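Before I ask anything, here is the structure I am working with.
To keep things simple, chains are lettered A, B, C and D as they appear, and every chain counts its residues starting from 1.
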Amino acid sequence: MRFFSDNAAPVHPAVLEAMAAADSMDTAYDGDRWSRQLDGRFSELFETEVRVLWVPSGTAANCLALGALCQPWGGIVCHAAAHIAGDEAGAPAFYTHGATLIPVDGPGAKLTPDAIREVAGRIRPDVHQTQVHAISITNATEYGLTYSPGEVAAIGALARERGWGLHMDGARFANAVAHLGCSPAELTWRAGVDALSFGFVKNGGMNAEALVFFRPELAAPTLVRRKRAGLLLSKGRYLAAQLLAMLDGDLWLENGRAANAGARLLAQAAGARLVFPVEANEVFVRLTAEEAAKLRGLGFDFYDWGVGEARLVTSWNQGAEAVKPLAEAIAAL
Amino acid sequence: MRFFSDNAAPVHPAVLEAMAAADSMDTAYDGDRWSRQLDGRFSELFETEVRVLWVPSGTAANCLALGALCQPWGGIVCHAAAHIAGDEAGAPAFYTHGATLIPVDGPGAKLTPDAIREVAGRIRPDVHQTQVHAISITNATEYGLTYSPGEVAAIGALARERGWGLHMDGARFANAVAHLGCSPAELTWRAGVDALSFGFVKNGGMNAEALVFFRPELAAPTLVRRKRAGLLLSKGRYLAAQLLAMLDGDLWLENGRAANAGARLLAQAAGARLVFPVEANEVFVRLTAEEAAKLRGLGFDFYDWGVGEARLVTSWNQGAEAVKPLAEAIAAL
Amino acid sequence: MRFFSDNAAPVHPAVLEAMAAADSMDTAYDGDRWSRQLDGRFSELFETEVRVLWVPSGTAANCLALGALCQPWGGIVCHAAAHIAGDEAGAPAFYTHGATLIPVDGPGAKLTPDAIREVAGRIRPDVHQTQVHAISITNATEYGLTYSPGEVAAIGALARERGWGLHMDGARFANAVAHLGCSPAELTWRAGVDALSFGFVKNGGMNAEALVFFRPELAAPTLVRRKRAGLLLSKGRYLAAQLLAMLDGDLWLENGRAANAGARLLAQAAGARLVFPVEANEVFVRLTAEEAAKLRGLGFDFYDWGVGEARLVTSWNQGAEAVKPLAEAIAAL
Amino acid sequence: MRFFSDNAAPVHPAVLEAMAAADSMDTAYDGDRWSRQLDGRFSELFETEVRVLWVPSGTAANCLALGALCQPWGGIVCHAAAHIAGDEAGAPAFYTHGATLIPVDGPGAKLTPDAIREVAGRIRPDVHQTQVHAISITNATEYGLTYSPGEVAAIGALARERGWGLHMDGARFANAVAHLGCSPAELTWRAGVDALSFGFVKNGGMNAEALVFFRPELAAPTLVRRKRAGLLLSKGRYLAAQLLAMLDGDLWLENGRAANAGARLLAQAAGARLVFPVEANEVFVRLTAEEAAKLRGLGFDFYDWGVGEARLVTSWNQGAEAVKPLAEAIAAL
């Protein structure tokens, strides 16, 4: 059993079915009947008017969002461990035409208003230094923690006060919402988020993410930028159909809950080994090299995370039942 | 029946099957067992060592190729009607960081060595004017004509002589090869092509194209650029599996032949109405507004192409048998 | 005597004096007492509130202006013979992060509203084609013709109607104003110009141009972009002092008049040899190779301009008196 | 007396004289007789074949150098306090088309091979993380310390071993050479430096710096990039003439020595107040607010540097004699 990454998981059957159902001749790009439903369906989910673009990767969603919120000469405050800072090969600079990431430290890959203020306060307000244009937070974070609606709102208030944009990388948005039990609206626009990378790929989708703009005027230029980046796929209906299928009956949330349940069970088994509280589908545990080898010998695979730690990620199809063998193996160490 | 675009066609059943067969947990990005076969399988097809990257769109393939062949301060000679010039929203400039397209005219969207020489000859060889770094040709062209191996080789020889790169936009490469009856090798690297955008999306695929480098050293930086552009999809196996399925038993060629056969039948019906010889799967015909309306009244849909002309595009599933009703309707006008 | 280029001329003595007078310790960059006078002094000249940035080259002025008026994914309509199109090595794409120049033909390097409308009308209003964001005109043009206030206003009206920006490359603005006898205001903002590259280098200055914004809100981001481009010179006072000296007593206009007078005398001598009417300081004449050689044998130097034509450019120090020997030599051919 | 910045100093008389001497009609851009001497004269100075481009600012020199040494998707290791990191408004990203600065800490704004190795060692060698392409060091550093030839060579050896480029920001190169007593060759190419921003503006010049390439093949593309950035000034002879005048009789070194001597005298007066050893023309001293106010009351001006510290910079015209009053005032505190 593999706990490397939720990217490695298979696709949810409902997604495959929706793609098969969309397999007929229709208008190319995003003119098809599925793509045209996205704005409406996501607006319902978010209880406000939103504009939605499908894109084939989370990096694409993040970077188009940042391009909409930050000028080429601006800065984007993010956590030093953010995916955009360390795992996107400079894509934010590519898409923004050179904006600067301003990394901030903080436990669990979480930003706080104070930490942001402190870093921003060190920037001289002149033309020689790069000024902040936007903040990007990841929810759930790269270490499996969540920002509550209140925590997001505190950052959102700071952003509003300073005239900065606020982006949320929601590669694991489903896991965050599932954990927090809040509404998608509370966790986003009501808390001041301007743009959300709403992840589906790590949650049972197949190379389809939703970039959601809560300020609809940001969508128009981004539609052009999506095309200009080679991301306006010819057969967009296969992406749109997936997203719609995920919204049906809140499948996205159900999948997030399942993965979280698996992670929770592992967390219980890990007990004092936990490096961070488990609030989503990632479990960071302390393991000696011998213990890691033992687990691998039993057929469980995962990434080492530095020395003496390992990262276990559960997917939509690795709920509590499915991860029991690993939980037991951990408990037995 | 719709003849708008081969982008609008459904996906070939073998592609869907291959995707379903790839639907299991595997390494993310391009580390999976399907992606790792691409270099080998395409090298067999092209009878030489090639490096292959899957990408989700033709624009992405074209522009990554151009980025590998042209510096930000260089120029790319292309036909004025080329897809990269008129239908990619400036993506070549985005991906090359500002390179300049140098459009050249010529019948049927085809370039000739003389036309290229003429345009290049007008450029002063100094730092004030943009120098040519690369040529891009489309085969089959945007008007459904093909370059023969000899025609490509003549352009290739010019490129070599001047030290320029040569890219082929093969969004309809299958149709070109099917029409010419040559080998993929003859039409590409043996004729001096450095990089090929090998199209599958218009030929029965689902948002998966192959960027083929005949100079393997161009692949390494392009792998980074693909990631940096948000194009390294998390679940690459669903793209790779498609491409492999298309290579099996030369399905790509069979699909191209079918579409060409449909186009040929329409061409015969159109007779003197033809604007261009039909050498691939696009048929440009002269139609009065009344005639166009009549065809539409019969349930056939297509794009007007300027005044008094229309474009009919056949897809992999619109072979000779399938297009008969339209052929008869045209003949009956 | 050299008639190659007004770039080759020496610097006006008043400019050198002003630079010497500024040669004391003062605040670096643009915080000095001279730079701080620019907005006020140019606002007086233009009879409205303007914001002014010194830059060290015309290319820099043009491209910063275009960056302020055109997004990276937009298009800029210009004449095919415009300096930005043919002599700036792709700098507009560099500064705008990839915007596309849309060249238009027309006699004397002049654009007309009809020609612009025609080209813009061929662009489909979708995300696949680059949309127009701005127009750039050169006054006086690259062929020594001028746009009258009325001609500029007609283009300005079109720009306003479509929501496009309007830039004027005024590398030879002084010559245009001198010829037209209008006020700087009439020829610019009153006619709809948003940004002017006000040239001084070709008019007796030393590597100092003024970028003038008639929409003051465009200045703030451009101040940052100037720094980001390495154009915020440490000792800006030597540029600002020049510009102020040029404004004193309308020296800029006097210099433009002198150069124009020289050109007019050459034009009279050239008579039927003239390729274009002479409205500024450039004279294009038909000369056989033998005639050109004869003039060169007499010590006059100039550029051939294609076959059978030559370009003679007069500078601020080549007024009617100074060019008499050349005028006589031409008349004597 | 002002000790704000060596940027604020006046221009050396020999520079003004050289500019006046160059004030005649000559070829525009860099075709004039002064510009054409640069390669030869700097090659003599550096005892090897170099290629030299004048540019009007240090930011321009730095960023053109980085563009030559780092691809858009690469990373540049520099000190966190480097001018390129904190005072160039993101110009490195603009010129490199998005490269990432990788800041490293270390006392006195100096990098060490170990510190570089440590940071580079944390980067996974895959396409998801930005790989190092180049190192940039500043000599003398932003805190007035120098790298000895041996220290540079140690970094140079690391760069060679890894295939990285090595840039030296020599805004205060003269001060470093003056302090170290070494030859320009020892401190640069013999120690592995590929490109040097050789500063003249802070050393008595007027908006003219020399970008020196020790790998001549880097010059050709940079000549194009200089033009494309609007930095190929029309009247380059006024820059070239300055640089030549500075080389005459090693005026550049004499000026550097004078500024260093002023700084040394201030350092002696400051004694235990010194924050860093004084090895160039910058003196960082601990001053209470009262002490700072007292000095200012006596007519000395300077920047506060954080809380309780001040930065005093001496210029070419502030040698030991000239700074005596300030030295005495500091000693008397």
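Just so it is clear, a residue touches a chain if its C-beta (ideal position, glycine included) is under 8 Å from a C-beta of that chain, and two chains touch if they have at least 3 such contacts.
Note that the structure is predicted; figures quoted are calculated from it, not measured.
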item: From chain C, the most remote chain by mean C-alpha position; value: A
item: Chain A onto chain D, rotation angle from CA fit, given as a multiple of 5 degrees; value: 180
item: Interface composition of copies chain C and chain D: same or different, split at half; value: same
item: Separation of chain A from chain D, taking each centre as the mean of its C-alpha atoms, in whole Å; value: 43
item: Centre-of-Cα separation between chain B and chain A, whole angstrom; value: 34
item: Intercentroid distance (Cα basis), chain D paired with chain B, Å; value: 50
item: Residues within chain B bordering two or more other chains; value: 72-73, 88-90, 94, 97-98, 127-128, 224, 227-228, 232
item: Complex contact set, residues of chain B against chain A; value: 2, 4-5, 7-11, 16, 19-20, 23-29, 55-64, 88-91, 94-95, 201-202, 206-207, 224, 227-235, 238-239, 315
item: Touch list for chain B against partner chain C, complex; value: 72-73, 86-90, 93-94, 97-101, 127-130
item: Chain B residues within the chain D interface of the complex; value: 71-73, 97-98, 127-128, 131, 221, 223-228, 232
